Each structure stands twice: as C-alpha cells, then as structure tokens.
Amino acid sequence: MSRIPEAFADGPAFIPYLAVGDPDYESSIEYVEALERGGADVIELGLPFSEPIAEGPTIQNAVVRALEGGMTPTRFFEFVEELDVDVPLVCMTYYNLIYRYGGERAERPRAFVEKAAEVGLDGFVVPDLPAEEADPLREACDEFDLDLVFIVAPTTEGQRLERIMEQVSGYVYVQARLGVTGARSDVSTQTDESLGRLSDWDVPKAVGFGIKTGEHAERIVAGGADGIIVGSALVDIVAEGHENGDSAEAVADRLEQKARELSEGAEKGFAQRTPHPERT
Amino acid sequence: MSTSDGKFGRYGGQYVPEALMPAIEELEDAYERYVLNNEDGFMDEFRQRLRDFGGRPTPTQYAERLSERYDRDVYMKREDLLHGGAHKLNNALGQVLLAKYMGKERIIAETGAGQHGTATAMACAHLDFDCEVYMGERDINRQRPNVFRMKINGAEVNPVTVGRGTLKEAISETMRDWATNVEDTHYVIGSVVGPHPFPAMVRDFQSVISEEAREQMREQAGTLPDSVLACAGGGSNTMGAFAEFVDDDGVDLYAVEAGGSSLSVDEEKGVAPNSASLSTGGEGVLHGARTKLLQDYDGQIMESHSVSSGLDYAGVGPELAYLVDENRATPVNVDDDAALEAFHRLSRMEGVIPALETAHAFAYLENNHEDLGDTVLVNVSGRGDKDLESVIEETEKRGIENAPDMSMFSGGLR
Amino acid sequence: MSTSDGKFGRYGGQYVPEALMPAIEELEDAYERYVLNNEDGFMDEFRQRLRDFGGRPTPTQYAERLSERYDRDVYMKREDLLHGGAHKLNNALGQVLLAKYMGKERIIAETGAGQHGTATAMACAHLDFDCEVYMGERDINRQRPNVFRMKINGAEVNPVTVGRGTLKEAISETMRDWATNVEDTHYVIGSVVGPHPFPAMVRDFQSVISEEAREQMREQAGTLPDSVLACAGGGSNTMGAFAEFVDDDGVDLYAVEAGGSSLSVDEEKGVAPNSASLSTGGEGVLHGARTKLLQDYDGQIMESHSVSSGLDYAGVGPELAYLVDENRATPVNVDDDAALEAFHRLSRMEGVIPALETAHAFAYLENNHEDLGDTVLVNVSGRGDKDLESVIEETEKRGIENAPDMSMFSGGLR
Amino acid sequence: MSRIPEAFADGPAFIPYLAVGDPDYESSIEYVEALERGGADVIELGLPFSEPIAEGPTIQNAVVRALEGGMTPTRFFEFVEELDVDVPLVCMTYYNLIYRYGGERAERPRAFVEKAAEVGLDGFVVPDLPAEEADPLREACDEFDLDLVFIVAPTTEGQRLERIMEQVSGYVYVQARLGVTGARSDVSTQTDESLGRLSDWDVPKAVGFGIKTGEHAERIVAGGADGIIVGSALVDIVAEGHENGDSAEAVADRLEQKARELSEGAEKGFAQRTPHPERT
C-alpha cells in the first residue's frame, strides 16, 4: 500500500534521488538515511541500469560506480529491506530491469512489482516507459497497490497529457526543462508553463531536472509545485566524497546538510504562495 | 508486416523518455505522410537522389568463382558500390531528406564502424544540413579514416567516453542529445533499431536492396534465389535484403550474426564475446524497442564483441527478432576467424574486398553452402576499405591461413 | 579520330624495343577483332561485366550547391562510384578480359597512385589471372592502402627503386618485364599512353564515360553541356570524358593538368614542379609514343610533381596532344593549393569526397566558371579515400583555409 | 663514311659497349680506349637517356651514374671527338635524345646525325626505334653515310624481319634472348634459331644480350655469329671499380683484360667453324 499521498499531505514534498550502491552498498545505506534526516519526504532510489539513456553525466557516472560496486536488482531489494527510513520509497529504474526480473519463467513484469511490494517500496519511476507501453506494469502496480509515477516533459501536450493522466499515480514528475538529468545553475522558465498545463490534475506535481540549491527549490515551490525532485546535486556530493576519499560519515553529513537546505528552501517557497493554499 | 501499431508481434514499441515522445509522434506522422503515402513526392525525390547521388541501382552480380567453388549459383547484391561504400546511405539519405521535409535544422546520428556516420555526413553535406555524429572513443580509434571522412564532409564528431566507448554507448548518448534538442533536431538512427517508427522506416528505406535484387534475379537468373544471406548487426542491410522476399515462401532468409570468439558469455563481467543477439539473446527492452538482446540474468546489457565494429551491438532490429520467432528467418552465426578468412577469400577470388561485416555472410556460405539450395543471393553490404587496418592486425594476430603475405604491413598501413 | 595507322596527327606511333613489336602487333590485331569488331561478342561481355562487376552505368548528378555557387548548371559524372573507386576499372577490366580472349596467362601493370594497380588487381581476381604490379617505391610509401588492397586481391606488388620511384620509372620497369615475358604476358597499361594500339584502345574502353554522360545530359538537362572538364594525368579519364563529345562542336573540352607548385622548371636538376605536359611540354618520344613531354633542352625526361600521385607523370596521351594542337581541347592547369581547396569544397558542399586528381577539375571550375557556359559537366574521375593521408599532411603544411579542423589527425590517421 | 663493314672483314667482330660518362667523363675516356687495346673491333658508345626502357639494372645504374656525372648529348659529342681510338664507333641511345637534339628550331632528326658524322661516329643503334618509325632517321643516315643498326629479337618473324632487312645497315644486332640487357651465366639457345632465320641476310650478324665470358663468345661465334656484343659484363667492371674506389687505371686494365678474353674467345670460336668460312 503506497504511502506516497501522505508525503504530499502537509506541505511541499522534498524528493531526493540517489543511485543505490553508489559508490558501495554500505555507504549508500548511510547516505539514504542521511537524506531522511535532512528532511526527505519521499526518496527516489535509483536501481542502476547499464544504459541510462535519460541521465546526464553525473548520474551516468553514479550508475557506473554502483554497477562496479556490484549492485544488482537482488541486492537492491536487500538494500531496501535493510534501510531504516520511514518515508515512502520510489524505485527509479529502466524498464528492462523490471521486465527481466525473476528469470525466463517469471511472470513479467509482475514478479518485480511483487518483490518491490514485499520489501516495502511504494512506487516506480521508469524514464523509458511512456504511458503507451505501461499497461502491464500499471496492472501489476494496481494489483500490489503501488504507485506508478510518470514524467511530463516540456514537450508533452494535448493527447499525450491525457494518456499520462490516465496512467499516473503517486505524483507526476514535471521535467523542468528538455534534456537529461543534471544540476544547473539556472532554473528553467519552462517549469511554470508545464505546471500551468497540469493545473487541473488531481495528482501532486513534483518538479525535477536541474534543481541544485535551496533557492531553486524555493522559487519552484513558490511557483506552485507540490514537490521538488533533486538528484544530480546530491549525487555530486557522493562523487566528490568518493574522489577525495572522504569517510562515508562526512559525506553523509554533507548530504544531510544539502537535503536540509533544499527542504527548507521548499518550505520557504511554500510560505510565499498567495493565496496560501490550504493544507489538506 | 504492417506496423501501424509500431509492433512486430511482441517486439518493437516506443520505449523512450517522455521528452522524446512528441518528436517520435511527429516522426510517425511524417513517416506515414511522406514515406508511406509519398506526400509532396517525397519518395520520388528520394529515389531520384538515391540514383543520382547514391549510384542506384547497384548491380546483382553472378559470382563466377564462388559459384564454381560451391557448385551452385551464387549472386552478390553489390551495396558496396553505393556512394560511401555501404548500404548505409539508403537510410541516411532517406532520413536526412525526411528531416528536410519536416523542417528540421540539425541532424544528429550515432555511429559504430563509422559507416552510418559517414553516410549521414555525406547526406548532410548533400542536403546542406548541420550534422553532429556521436561515436564511442574506442571506435574513433578503430575507425580513424571514417572519422576523418565525416569531418571532411563537414560533420562534427563527438567522442563518447562512457562505458566501453562503442556503438551502444554512442546510441545512448545520441538519444540524450535528442532529448535535449528535440525541437529542431532529427536523430538519424543507423539501423532498423530504436523506437517505432524507426525500425519500419529504416527497413522501408533499405528495402530498395531487395526490390532491385528480386527484379535482377528474375532477369539474370530467371528465378528467385533459394536463399538470401545477409549479415546482421542492427539488421538494416538484413531487413533491406529480406524485405521483398518475405512473402516469397520458397526463399529462405539467413541472418548471419557475429559469433565473435565464442557464443558463451561472461555473466560476471557482463561481457559477451560475440554479437549474436538473435541466436543467443533474450527478450528485453533497449534503445526504445522490445527486441532480442545480449543481457545478463538481471537484464543488464552486455558488452558485445566482434572483429567488425559494425556488427558489434548487443541488440537487433525488432522485426528481425519477430521473423526469427515466426521461423521466417533463420539466425546463424560465424566466428571472427571465419569472417577474416572469408574476407580474404572473396577479395582474392572475386576481386571484391568486402567489409568485415559483409564477410560474415560469405563465411556462412563457405561453411554451409550445401544447405542453401541451387541459387544463393548474398548481400554485399559494404566495401572493406574502412577495415584495412583491422584486417592487418587481426590477420596477423590470428594467423589466418588464406591471407596473402602482408609482412610489409605489420604494424599498420603507415 | 581514326587510328588505323596508330597516329593522331603527328603524335602516337610505336616506339618500343623490337622484342615487343610482335606482341604489339598481336595486340593490334586483337584490338581490331575484339574491340572494334566485337568478335566472339567481346564487347558485349565487356559491357556486361562493367555493369555487373563494375557497377555501370554511373550516374550523372546535378550538383545543387555548386550550381548555386557558380550560378550555372553543374553536373558531375560520378566515376568515383565505379568499383575500386575510380574510372580506372573501365580500362583494366577491358584489357584483362582482352588478355583472356588472347589466351595470355599473366598480367603485369604499372601504377602511380595505385588506382590503376588496384583496378587491375581486382579485374585479375575477377577473371582469375595472375597479376604483378610495378610501383615506384616512393609511391608505395605514399599510397599504402592501395598497395594493401592489391595484395588482398592477390596481386604481387613489385617495388621499383630506380630514379625517384614514381610512375615514370614504374612504366619503364613494366616494359622491361614485358620485353622479357612477352609470350604469355599482357601489359595492362593504365592510361591512354604507350605505343599504339594502347592509346586508342584505352580511350575506347574509357569512352563509356562520355557515352553515358552524353545520354544522361540529354535526358536530365535536356541539352549537351557547354563545357566538359576532366583532370589530365596520362589522360584516360580525360579522353573517356571527351571522346563522345569530340564531334559536338558546341561542347568545349578542358583538360585540367596539375600545375603543381609552379609552372616553371629546374633544368639543372631535371625537375618540373608540375605535371602540365599539355600546357608546357614539348614534343618528344616516351614510353612508346610521340607526344608532349616534360623534358629538358636535350630531351631528358623531367621528374614531374603534383600533390596528386595520379597526375604525377611527365607525359600525356598522344590523342590529347593532338586535340590540343587542333584546338579541339583546351589545356589548362591549377596548382596544388587550389586542388586541395577544391577537395575540401566539394567534400563539404556536395558530400562527395573526390580524389586529389579529380579535385583539379573542380579547382578550375572554381576559378574560371564564368567562361564555361551555362551548363558544365565535370568528370569525377575517382573518390578521395586513397588520399586521406596526403590531405591531412598537405592541408596542414599549406594552411588550406577552407579545411575543417583536423588537429586530431595531425601526424596522420593512426 | 661508315667504317663498320671493315670491322667484320677479317674474322669475327668483338663489339663492346660502355655508357659514356660512367662514372665520369675522364675515366670513361680511358675505359673506352682500354677496350680498343683489348681487341674491340667496333665500340658501342651509350649516350645515356633518363628512361632506358630496354636496359637491365646493370646498365640502368650506369646511366644514372653517367647522368649524375653531367653527361649530355653535347658532352657526348665532345667525348667522341676527344677519343683516341681507331675502330668504328656506334652511338647507342634512345630516340628522344636524337629527336630533340639542336633545340626547337633544328631539323629533326637530321641535326643529330649531322653532328654525329662530324665528330666521327659511324652509326647508331636505337633500341626504342622499330623499323616502322625509322624512316626519318634512315634518311638522315643515308645523307651522311652512317649506318643504322637494328635489333632482331627472338620474337621477330615473318614480315617484321623483312621490314628490318630493308632498313638495316652496318650489322644486325641479334638479341640472344628475350628481356633486357644484363650479363647471364648461361647463353640462350634462342641464338641459334635467330641466326638461322637471318642466314640469307647479307649484313653481318652480331649477337648480344647476356654474353659474359670468353667461353660464351667462343660458343656463339662457333655457332655462326659474325660478331658478339658485350655490354653488362663490362659495365659490371666499371661499377665494381666505382664502388670500391679503384683508380681509373686499375679499372681500365681490368676492362682491357676482359675485352681480350672476349675477343680471343670469339677468335677461338671462329677457328672451330667447319667448313671454315673464307675470310673475305
């Protein structure tokens, strides 16, 4: 049973992302837990796939580190089970790993979803699975009461929006600008437009792609977003710590701090909204 | 095979990031209007440019000495004579022209061996387009002459350094560029792979191969071939050579894959020492389509391997996967050594220096001619000029026996 | 131009050692029977092999961007699309086939750029002949990929170390071999040079170029060209491109020679820094024929020079010399730099990478298009793949301005 | 007025060849004079041409040395004038040098022949000038009473023989085997055949190509030849001396010795002929 709706229930949701197993299993546990301490409302856990076609260099490199560190779907599920966090968890991965899970004789993609539900995941984001191809996964998610998050891009319009609306649950991932993931020093103006197009959707709107600072977070939430998704800015911290040979604790501290900056930014933005939306 | 839903049986589809979906839909629309319905005379212009710029039709040649050797009639469809030196231009020219009809301003492409990249660069120079080509760094080093040709034709070549730096990574990277610049940019994919409508569209552009060959066989041999052989990487020359024969029940279709050094895989390292996805791969989703893939138990894509860069890819076109499942096409494979031997054999016996990719088809002919009927058609997908350095290195390393004395070249061409 | 006496006006003839005369007479006889009179269907077989093995007809392409640039209609005859990558196969295939009809067992040839050598090696592989190619040692080093291609096709490549080690020396050496093995050997000469019947015969084999182009111009342009441009080394692509237009008075014929670095000569050293024998040479006798030659006051043959090995020859076909004397053809020339610029221009603007030889014709077009009439036909005698190394080196050395950034290649392709 | 017929008048003619100016003008004078001392009956003087298509490597290299030493047609004529020998001299060269002599305004090829007559030459051998192309040179030779020697190859037959017979004077150069010049260790059996075909010609028959030793000379003359032509075997001596830095005198001595071996060989062969032909 997905716990995602709760995360948006009171105030803006801060949704950090990390690649699981980057740079190793143990550190990764600490990092994810640090995010929660820093104020995460939902956590996106990246299950690394060898061909991450939607990711920029930052996350590509994280994926390489995680794969080299031995991360696999099986280990990923162990990881989720072992995690000591209390917020909803979303598995972000590419369709082939979901589809292949359980070997040739498994029922696909149900086997993966079943296992995900078992270990306590709340939903999925699958960047290479557009609404048109999502029926089988959607059905399995319904069976196990998990959410299936979809991305809406700046280019998504008309019929496509409707198709996504029909399929989406948990939240909609509003892609702030064209391109691939990666932290930017500016925040795109495409965001407002996108949020506008989705204004009548009754699913929370979380904005991602390029958010890097508390200030970005503030502006985006002030602009009407129900949540912010931050990946590369956090993965950068992991990468830097890895390169410098810093201790996992030190890195975890920095992640916690960054998470706090971002979640507080989101809160500030929320406070600025006029008319102040009611907390439901 | 109708593809109105973008599926070939269980294969195909459109597994791409949402940001690309509108572009894909726009392309689908353009494909239907211009390619399938010849709107604004697109197909007429395409055929004319293929003729005048590309040099079509290419001949179907009776291979006298091979016919003697194998005691049956062997014909060769000479795509090596197409401008640029491979069948790749059929597709590249079609897509770049389509991009012009669609009002796009910029072309991107991926390339492995560099053949698709050079074909695209040539088409872009011809049609006055800006062109950027993504190419794995390792392939850049394996195929320097092709890199140079692209530059000479005015294209930018962007090295891809992720992963092993081959075709797989280059495709991923091109998709990322496309996702970023989708509004003014068309991605000219290099084979019958990727999301719908690419597999169908690339097949349609390439099917001129079998359209001509079928007619030429009727005229020259007075009969259709008993079997058609084509090498298969992504499978574009393969589908091009098969397309018009698919409905001819008497014609057997053989897709010859790169068996590399062995058909086994190293799951631990995620490496397959071959590129035989039709023969040994499992169903999965890669680069926008459901198809047969070289992957490990978990679904991680394997690094493929082949002596020929152009076959060195872990996936294959979904329509080919479908034809194989339907028993309409037979997937077979030959190893690196057999391909090199075939390279030397064809060069020596017929005066046609084939691409190493192409050599795989002839290697299969050598080993299995007895099962191929009285009349065999082999698609010569490209010429081997691009492979001379590899041939020197690999022939020496492997001690290929039917090679000429090349000692003056040990260490390479310079 | 009738050649029953082997003369073109004052040019031509048969200035060879007595030992060769019987072979030359035998060849003359075979030329008349098989080529001129199609005995035993020789010409039919030749045409068919040109089609199936060679890829004829080659297109005549409207060059859109050049036409725009020069504000007139520019057409390109695409001999670069012929098997092997140059017009050379027209002749090589014709002669090797003739050798077969004559019952010869062994083929020898000389080569400069290596294009004629590769064409001959391919034709020999195709027709199952032993083949030895003489090539100057210096050219061997300048054209390694072509040397390798010959070997791959099964030919022996014999380095010629005398003199400067270029085409002139290679021809002399091949004549020596012929004089030694004249009974079972045919010498496949690579251009419209040498003793009668070679100049006439090679022209006849190459005239398929203008035969097709004339027809294609009528069909596509609805008119004959006002001028025809072809580069001229020995002059085989030149005569091939001119032959069928010679009787069309309205068609101007331009033979574009290699101006090298300068038209002046160094008599002292016996070196001409160009290969412009039509433009600057004097009458003399070389390699079996009376023609125009680069020679010093005494009649010693000069070392010629050109950035393109294929034009790097001190002589020229006697028929061309005659056409020039008769004012039917105009000899012009462009220098090395202009040729390199034209190489880059054509590659960039039309997506056709020309041979450096061919680039000379386009350089002349660039500089003189205003004098060439409304409709210009340029013969693309070959493709530039063989020249990539030279282009890198020479472009850098000369600082050619319209070249792409090639810094990653400084030092060569590997 | 050619002195060649005399040379064959009493016994077999020994006809050595050297490239003039090889390796330099002065030495070359000494070498030619040494040949006369060694018994030369006629001397063939090679005027070096840049493209000696009928020569094997030995003479090619001699030509290169001579050209590098500055030999030109003008110097060649000076050389002939300066020579102190008493036997007939034949200029052996390629047609282009004959044709080009005297510059653009000269009457060609008459100018060359005129000059040759003036300096005392007796005739020509022009390996790249077959009978068919020889009329202009033949006429000039007739005008100045010089001989024009032609080569008959093993492949020369029928009509061609007749055409040559009409043009030839001085002697006919019987090419002993196919190929280019060069000393061989065997003597071809093609020689007898060739001599046979020419038996009814009333011009002396001198055999060349590959003769290297006195023994060769002996056998060939015994077989019916009226003379022997030896080039490469002598040029070899010059080349060797040049390479070893030997003095011109030493080399001249060796040439004289070799010449003597060859001319004596010829005499011996002549003595063996049965029925002993009458000396005319």
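Quick notes on this structure:
Going in written order, the chains are labelled A, B, C and D, and every chain counts its residues from 1.
The criterion applied here is as follows: a contact is a pair of C-beta atoms (placed from the backbone, for glycine too) under 8 Å apart; a residue touches a chain by one contact, two chains touch by 3 or more.
All values derive from a computational prediction rather than experimental measurement.
The set of chains in contact with chain A as well as chain B is empty.
Taking each chain's centre as the mean of its CA atoms, D is the chain most distant from chain B.
Averaged C-alpha coordinates put the centre of chain A at 66 Å from the centre of chain C. Centroids built from CA atoms put chain D at 97 Å from chain A.
Separating the centre of chain B from that of chain C, both taken as means of CA atoms, is a distance of 34 Å.
Chain centres here are Cα averages; for chain C and chain D they lie 37 Å apart. Taken residue by residue, chain B touches two or more other chains at no position, since every residue touches fewer. Listed for chain D are no residues, as none touches two or more other chains. Arrangement of the chains shown, judged by which pairs touch: a linear chain-to-chain path with two open ends.
In summary, the structure contains touching chain pairs A-B, B-C, C-D. Listing the residues of chain A that touch chain B in their complex gives 49-57, 60, 64, 67, 72-74, 94-97, 99-101, 103-104, 127-130, 132-133, 150-157, 160, 164, 175, 178-180. The residues of chain B lying in touch with chain C in their complex are 51-53, 55, 58-62, 64-65, 78, 80-83, 85, 121-126, 128, 144-145, 147-149, 151-154, 220, 344, 347-353, 384-385, 388-389, 391-392, 404-406, 408-409, 412-414.
Residues of chain C touching chain D in their complex: 13-19, 21-23, 25, 162-163, 168, 172, 175-176, 179-183, 270, 282, 284-288, 293, 295, 297-301.
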